[in-house]
Structures are given as C-alpha cells and as structure tokens.
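Should a chain be cited, it is by its letter among A, B, C and D, assigned in written order, with residues numbered from 1 in that chain.
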C-alpha cells in the first residue's frame, strides 16, 4: 500500500470514533437506537486497523510512515530571530500498528459486551458516546508522532475516563472515585507538563523524532546529562499517573466503581497501558539513571499491589490490584532494558486482563451485581463458558506454559535475572520472581472462591444463569488470543517467535554513551550494523533463559498449589494463617494504608490551607470578591482540593486588584457625553505634553 | 502691532476652535452643542484657506473648505434629526440629562 | 496700520466676540444670532484671504441653510409659549481649564513655527480655477459628496419623519 | 480632454467595487421606494455584496493609484492589502445582513428597512474609501460617510430611548472627534502644502528630528482615527453607543468600521512616515513623530482599560464593547512593531476577530430574541436550555480569550511573536497579563450559562434549523482555524503588498 493509503486509513481510524461520539451524544436523546451507530463505527475501525496491520506488518515491516503537517511555523512569518516549528502528525510504525489493533479489538469487544451488560440503563446512549470519545482519545495517544498531541490526548483520555468512572454519578462512591482518578492523574500530568516544558525550551519542537535527533547530536537540557535524566523522569511521571504506578496507584481500585466493561476497556487494556506505551515511545531518551528509576517504580508497583491482592474479597478489586501489579511488571521490564518483553507483555496482558474483567462482569451480571467473592462459590456449573474462559485467563496471567502470559512473563524474568547479574541490582530480580508466585496464588484463590466449592449465597446462586452470547463470544475470542500460537510457534520462548522477532526491535538509545546502562553500550566497533545492547548482555539474557523458565515454573506452580491447598482441599485454614500473621494480614487487607496516609498528609494539609484561605476570604475580601469566589467554587467543584488553593488564591487577588482599578474607571464613564469630551481634551493635552518632552 | 500675516489668521482660527470645544462641553442644550461643532469646522476652514494663500499652494485649500462646508451641512441635518428624535423620547434636549446609558 | 489690517482686526474681533457669546449666552435665540455674526465674520476673513467664492458659499450654506436648520431645531424642541428660552451651562470650570490649556498649547505651537510665507497673488475671481479643479482633479470627490448628501438626506428623513 | 479628466476616466476600472456599492445603494433605495416590500431587500443587498466580492477578487492583484494627479501619486491606492480588508469588510457585512434578517429587535422598524440597508451600503462605501484612500481629504470624507451612516443606524430604533440616546452621544462625540481630526489635517496641509500621503512622504524626508508641530498634528489626526477604532483615550463613546444601538449595528461597528480605521492608521503611517524598509521587513521611520512610542502607550492603555472595565459589566453587550476595545489594543500593539511581520499579526488577527466577535454577537442576538434580555443574570442556566448556543458561546469566548485550540490563540500568537521578534518584551508581557485578566470576565459569562441556577422554572428552548446552521458556520471555523490555519497565513502573506515603499 502507498503511504497515502496508509495515512487515509489511519486518519479514518483516528476520527471515526470522534464522529461516533458526536453523533451519539447529539442525537442520543432523539433516537434510542443510535448506539448501534457507535457500535457499527467501532466495528469498522476494527476492520480498518486489521487492514492497516495486515499490510504494514505483512509487507512493509521496516518502514515508518509519518504524515505530518506544520501547525505553527514561525519561520515562515518572516521572522529573523525566532525559529520554531510545531508539527502535528501521525506515525505508523510497528508498535503503533499493533497497539491500534489491540485498542480497537478490545474496544469493539467491550462495545458488544456492553450492549447486553448495560441493558436498561437510562443513559444507555450516553454511555456509548463516552466509549466513542474514549476510543478517539486513545487512538490519538497511539498514533501521535509528537509530544503536544500526546499531552492533549493524554488529558482527553483523563476526561473521558472521568466521565466513564463517574457514569453512575448518582452513587456518591462513583463520583468520588471519578474525582480521585482525575486528581491522581492530574498530579502525574503536572510532572509530565514540567518535563514537556523543559523539553520544549531546549529543543523548540514537539516532534518526537526531532527531539531524538537533537539528543543524538548532543543537545542536552541545560547542557547536562543530569537534566536529561530529570526530564525523562518528569515525562515518566505522566506514565505513573496513567498506569497507576506507585505512589499514584490509589485511584485504580476505586475506579472499579465504574461499569465493569469500562474497567475492562480502560483499566485493564488501554488507558492504563498508555503509560507503558508512552515509555516505549520515548524509550531512547531515557538515561541509565532514569531507566533505573523506572525499574524501581515498576518493581515496587509490581510487588506491593500483589501483596494487597492476596487478601481482597471484592472480585474487581483483586483484578484491579493485579492490574497495577502487572503494569508494574511491564514498567519494570522497560526499566531494565528489556524493551521487547515489556511491550510484549502489554499486548498479552491487554487480552487476558480484558478477558478477566469481562468474565468478572459476566459473573457480576449473573449474580445481580454481587461483587464479594465470599458470597460466591460453585458457579462453575451455572456459568460453564465464563468459567472455562476465566480459567484460561488465570493460567495465562500465572504464566503457565502454552499460554501467551508464559511467553511474555518468562522473557521479563529472564531479563530481570540478566539485569541482576550484570548490574548487581538483584532485588529487582527477586521482586520479579516473588510477584510471579504471588500472582499465581491470588488468581487461583479468586478462581476457586468464585467458581468452586459450595455456593455461599443460595438465593443468588439459584438465580444465576449463563450470560447471553453477546457477552460470552467476546470472552471466547479473548481466551483464544491468550494462547501461545498467535505469538510464536515455539511454546517455550517468544525469542525465536515468528511474529515478534521481526516486528518489534529495541530502538537504539540516543543519550550519550556515558549516560547509558553499561550493557546498552555496544562493545563491537562495527557501526554499520545496528547494535543496541552489548554482546555480553545478549549472551547473559540467553543464558538466563533456561534458569528463569525453571524457576518461574516452580514458583508459579508453588503458588497455584498453595492456593489449592488452602481454598480447594482446605488442608490449611485460611483464617489460621491470617490470625498467625495478623499484622501483615491487616496491612495487606487495608491496602498498606495508602489512602489513610494520603488523608493524613496531603489532604489534611490541603484542608488546612483551605481553612486559612476561607478565613482570609471571609474576613478580608469577602465584600469585594463575592463574584470571584463563586466562579472559583465552580472550578473547585470539578477539580477538588488542590485547585482550590491555586485558582482561588489567584482569582481572589486579581479580583481585588482589578476592583480597585475598576472603581476608578467607572467614575469616568458617567454617561454624560460632555464629560467624555472634557476627558478627551485633557488626554490630548497630556499626550502632547508627554511627547514633546 | 506687526503687519497682519499668516499667524494672525491662525490665532483667530485657534481661538475659534477652542471656543467651539468650550461650547460643546458647557452647553446643556443639544442644539447649542451642535453650534459648537460648527465653530470647530469653521476654524479648520480658516486654516485651510489661510495656508493655501500664504503657502502659495494653489486653490486646493479653498476647495477643501468647500467640501467641509458641504459635510457640515450634511452633519447638521442628521444631527438635528437626531435631536428632534431625542426630544420626542425624552421631552428634553439637555445633553447632560440624557444619561441612561452608563456604568 | 493699513486698511487691510484694520479690516482684518474688525472681522477677527467680530468673529471671536460673537463666537464667545455663542458659547456663553444663556438665551438660545441670542446664541443663534451671534452665530450668524460669527459666520459673517468668517466670511469676511475668507474675503480677506482672497476666497471670494468661498465667502459667498459660506453665507449661503451656513447662514441660509445650517443656521435656519438650527433655528428650526430650537423652535421645535422648545415650547414657543415659553418666553424664556434659556439654557444653562455645565462643567464650566473643568472645561475652562481643559480648553484653556489646550488653546494655550495650540496657539503657542502655531506661533512658534516658522511657516512658509510666500503669499500667492489673488486672481480677480477664484470661481474659474475652483470650478476647473472641482470638475477635473477632484471630480471623484465631487461625485462622492453627492452620495454623501444622499445618505444624509435618507438618514435625516429616516429618523425625523413621522411614522 | 484635459489631462486630469483623462486620469479620471482611466481610473474608473479600478473602482469597480465602489461603483458596484453605489449602484446597489441606489437600487435598494429605488426598490424600496417603488415596491415597498421589505422581504426581498436583504437578498438584494446580499446579492450586491456577493457581486462586489467578485469584483474585488477580480482586481485582487492590482497595485496602482486611482485618480492620479499631475504628480505621480493618486487619491486612492488600489493594492492587495486594501483588497484584503475590503474582503473582511464585505464578509462582516454579509454576516451582519444575515443577523438583521434574524433579529427580532429590528421588527419594530421593519417598514423602514429600505433605509437601513441603504445606510449600511453607505457605510460600506465609506469603509472602502477609508481602506483605499491615500489623500487626507478623501480620508476625511470617507470617515464622515461612515460616521453619518452609523449615527443614524445607531439610533435606528427611534422609539427606543436607549437607541436614540446612543445616536445623540455618538454624533456629538463623533462630530467633535472628526472636527479635531480636520483641524489636524489643516495644519498638516499647512506644513506640506498637499493632502496626498505619498507626496507628503517625499516632502517630510527632510525632517530629521521630532518636531512639536508634527506631534500636535499627529495627535489631533489620531483623535479621529482613534475614535473610529475606539482606542483609549478616544473610546469614551464606545460602551454607551454599543449598549444602546441595535445589536446588529453594534456587531458591525465592532468589526467592520474598526477594521477600516485600522487600515487607515496603517496606511497613514506606512505611506507617510516610512523612509525605507530593511531586509527583515522592519520600517525605517521619518523621525518627525515617534509613532512607535505613541502606539505603544495607546495600545497599553487601550488593552488594559478595556479589559479592566469589562470585569464589572452586567450587560453582555456592554461587556463585549469593552472586550472589543481590548482587542483593538492588541491590534495596536501589533502595529506598534512597525514591520511587515506586525502587519501579518494584524491581518491574521482580523480574520479571526471577525469570526469570533461576530459569533459572540450572534449568540447575543439569538438569546435576546428568545428571552428579550442582554443582562448577564438573565443568562443563568441557559447553557442547559439551549445546548448548542451554550457550546458555541463557549467556543467563541475561549477564542476571544485566546486559548488553544481555538483560532483566537493563533491570532494572539502571531501578534505576540511579532512583539517578541522586535524585542518589545514589556509590551508582550503586558499583553499576556491582559489576556489573563480577560479570561476572568469571559469565564464569568460561562459561569452564568452553566453553573448558576435559573431563578424560575424553565424549559428547553428550541432553535430553528437555519439558525443552528448559522451558529455552526461561525463556530466551527473557530476550531478549524485553531488547528489548521496555513491557508489564512498564505492569504495574508500574498496580501501583504502595500502600494509604496
């Protein structure tokens, strides 16, 4: 296909969801069936992205297709001094094409699933409109070739996820959760914005490739590698927010207040993956130190939520924590330089985690919106298809051979092992393997408590029934995609896989060699071949592969075994363990007290400040600024505590100041035209005197 | 007293101009305000003709003055129509009482 | 002081004094008659400057047209039975200060400047050159003034006519 | 045939647009007199404007003088720069005539609409001449032509006391301002002996320092121009007249006659005071008058006073009046750069200003039609009752503030860059701060639309399809040009040819 055709198709894929959103939201009140338009649009988008993927990956695998136009070109304004050009455009390379497919597939499946799941909701059409908006913004993130659009769509994704989490805004918990998600993301975005400011002031461009080119030429922010690291870390802050990494992970579990298909789409497969995608996109500009930071954040986010997931009883909360943990895995993989497996895990995880959420949705649907697994049990017989697919997903996430999860997780673990032996950061390796074991345990705990054993709630059990085909077919499709065969002919390793071998190559780092990980500096002097990692690294990873496979198999096997022992065979009482490890158990059950910690520190601090401000407001400037305060109250309703201080303070001050000026100006505008002419004459005299000095 | 020259005419016009503005500003009656504006235009006309004569600029100055007279007539016609309308609406033509539109 | 100068001072004084009364007198009718004198004085100055045609036009249009219009304005906006057709002044003090300053600056600058001084010979009649200019170089402006008068006519009629 | 008369007939093909306007003016007048049918008048007017638009486009590339005198300069400069602004004036006239069809406010005067459209054509003629004139007398006549028509139009609702008050104030202030300008012109005539801007340019070359007489003259002349573009301190009439006049006329005054005034100013500076241009397009000025310093002060005063006064308005029309004063300040800042790049800023700004300001006024008209009020407190909750109006108003206001991705941002950006390029950083910063202040009062309107609870029970208000379409036609380009404005820039750059140096 020609470049033109690619661009055309990509633009269609990009803008069709927007059309779907506009049509659905505008005509939603008049036509109750308009959601079908949105569903049709998203199906077309899926087909188009498959077409793009087929031609791109099949025939033009090595090309990067960039189509861009100059948005602001201040050179052409004839200016001699300033020169900066802002380009907007899209890029079609292998990772964006694959991501396009993943997003549109999951989105399509979720659309169909939702038709059954959301049946009877009073705002049915609006729900689909929001899904369209979300898909549009996600496409923007995937396709963009510059930081500016990335940031804009980053925010837009935040907005649409806010709308979807708070979809049932009548529930206080839902609207609170939406606000919390918005705020936590805002904190991350603030970091990203700071990073972008550094980037733009240094490079005068937003285009990612141009930035890379300039870094490769040795242009550094403030001429120091340290600031390059800082810039990378700040940009990564955006990913911390979006991908719910520590310490901003608190919003994701709460976001489970949204409809379950939304959780599958946003909080498993796409939006949270955007952070990981961002890191893969800008991977070349991270210095070694920045990557280490990323790895540590990833490792912590993999470990801590995994320990929390052990004790949770809400089916969606368990999945939420497991999502954070898996995202941490990907981030960690990227941080340790295992680019390929980090991205690969993003893909495989997108499918099986979306599947898990949808299956959970099916269960919740069957149990009439019961989410507590302690009230479930024995559903295996009532929901055979859901059970079977859930089992496949559990196996995949636990990394059992023959599944896709095995391929990706195994690669990450091998990379972690190699990383440990090359740099001595063995803790990351240990975390990697521990999390593998914990994951296997809590996933099977979830499976057994939900589907096996005796039903705990007889009434609900009796009324449970298998979901309609609209819900089960998406599950089956996702389950099929969780097998190894789609990614590699060899079920033991993806390294020689027919697909990924060719498709995804680790991009060469552009930062100065002195700032990279030592193993990412090529040793050989042959410069005509692209060498990204040193030969030692390649060799170490290769050697680490077999031990990693064996170790991870043992550990996940152990995890599954323990889960069965405790919950299936009941050889060991779960309560007993909980009692004997009471402090630890409570710590995990209460999610490491993160929320309480934030309540006691940031929130309390904010409240304190706003109290002071309130006092100030009431006592000093109330009279002048009543109008101002109500505007800002409108603002703060939306954005909550943090904004209250910044905007209120600013507006109050400016209103006070402009009040003084305004009083003088109003005195002049008396409505008497002769006064105006007197003023005019005085001004002319003053002007004459002023200029004839 | 020196011989009458350009400056003399200019002073006359400057005084006429200032008196015109003074009239516009101080008169309450709208018609009187319009008289002030006529004085301003006359002052400018004296300038044009005086400059044309003393600078030997040809007859353009006189022609311009002619145009200005025409414009003054047109403006006066419209202004008086507006004043009549004001009288119909407000029952007064005192400019300073017509101040509904203000801050 | 020759005759020219004397005539100048006469007309200048006439113009300024009557203009002063225009802007200060309380009676509108007096003001209107003083305005007549002002226009007359200005016409005299035109004659002194060799603009005889302009002087005639000034008298015809200003006195015959505009002033009559003004008087109509006065009559129509005051009750005729009201013997005391009076108007008051406002903002006198700020206006005096502002206009005084302005006039001072203006006159000072105008007097300070070295103007080009090469008085032209005045032809016996200015009618022919003005007519020629009007019909040739300024023909476009002449046509435009026609349009402008049309617009003024329509505008004035539109506002002042009865429904 | 004498030589000047030959020039006259030679030039007729250059003033086809003006001729067409005069022709249609007479046509409308006659049609109104003979048939007395109001219904077809706006369509005849629109037809006339479209014909004129074609005539302008046809002579777009011309770059010469019309009505040459014996010296080589003429009374009118027909150049692409003028054509650009004539197109802007025509577009805004077309939009305003469409407004006039919609406006319910004008219903009381429907039987006088023939005069209304005739006067609008008179204004257009005057503005065309303001755009092209290169002779001070023609400039004065053009200004008067625009003024006389707009005095009447401002008071067109003659039984409405607010409208008549507006026209009285307008004519008194306008009469004094143009009188002052005429006095200034007379002194300038005394200095140079000519009224032609280009001739003056050659005569003024020997001024090598500032001259107090020139300062006086230029300030007096600027009084007339400043009154047309409502620059502080010549702006006092603006809020009162804008509030009192019919909304359609307010919208028209705030865009078209402002555009004409700005071109007049640019032409006056460029033709009269520029001695030559350097390679970057910066103008070298004849030092007789410090235009840059003067414009900087006027522009700072204009934008600051405009914005700060707008903060406290409760009448939306009055608020928009102050906002249009502030926008004039931004444009003056771009002119103060005194370079071709500044002009690019002015021209880009005007296209966008046309879209966003007329859009905002359209919304005011629509709301006035429905709830018969322009007071801010009556707007409470309207955003939910008329969703499209609310969204469109939001777009216009954001655009007026100058926040991306709206077109208003692009306009401000080009002005800003011109300032930064010329190293006029203080002015640039003041402009930014002013934009921040303006955000406050624009958002206040949005707050009333969306966050305030209406006082009484309310129902949804339906709009007709054509009205919805019209709103979209103005709102959508505000977004599109914010994202993709290369065509505007291209158009501006090809139009950046001013006759002369």
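Going forward, a residue touches a chain if its C-beta (ideal position, glycine included) is under 8 Å from a C-beta of that chain, and two chains touch if they have at least 3 such contacts.
Remember, predicted model here, so these are calculated numbers, not experimental data.
Using CA-based centroids throughout, the chain positioned farthest away from chain A is C. Rounded to a whole number, the gap between the C-alpha centres of chain C and chain D is 32 angstrom.
The geometric centre of chain A is 73 Å away from that of chain B, both derived from CA atoms. Averaging C-alpha coordinates per chain places the centre of chain B 27 Å away from that of chain D.
Chain A and chain D have centres, each the mean of its CA atoms, that are 48 Å apart. Shown for chain D are the residues that touch two or more other chains, namely 137, 141, 144, 148, 151-152, 155, 158, 167-169, 172, 176, 180, 187, 190, 193, 212, 216, 239-240, 312.
Taken residue by residue, chain B touches two or more other chains at 17, 20-21, 24-26, 30, 33-34, 45, 50-52, 55, 57, 60, 67, 71, 74-75, 78, 81-83, 85, 95-96, 99-103, whereas all remaining positions touch fewer.
Listed for chain C are residues 90-91, 95, 98-99, 102, 105-106, 110, 115-116, 141, 145, 148, 151-152, 155-157, 159, each touching two or more other chains. Viewed as a network of touching protein chains, the structure reduces to a complete graph with every chain in contact with every other.
If you check the complex, the residues on chain D that touch chain B are 137, 140-141, 144, 148, 151-152, 155, 158-162, 164-169, 171-172, 175-176, 179-180, 182-183, 185-187, 189-190, 193-195, 239-240, 243-244, 312. On the side of chain D, the complex with chain C involves touching residues 2, 4-5, 8, 11, 15, 22, 25, 29, 67, 69-70, 75, 111-112, 115, 118-119, 122, 125, 129, 137-138, 141, 144-145, 148-149, 151-152, 155-156, 158, 167, 187, 190, 193, 212-213, 216.
By the touch rule above, chain B contacts chain A in their complex via residues 21, 24-26, 33, 95-96, 99-103. Of all residues in chain B, those touching chain D in their complex are 17, 20-21, 24, 30, 33-34, 37, 40-41, 43-45, 47-48, 50-52, 55, 57, 60-61, 64, 67-68, 71, 74-75, 78-79, 81-83, 85-86, 88-90, 95, 98-103.
For chain B in complex with chain C, the touching residues are 1, 3-12, 14-23, 25-32, 34-36, 38-39, 42, 45-46, 49-60, 62-63, 65-67, 69-78, 80-85, 87, 93-94, 96.
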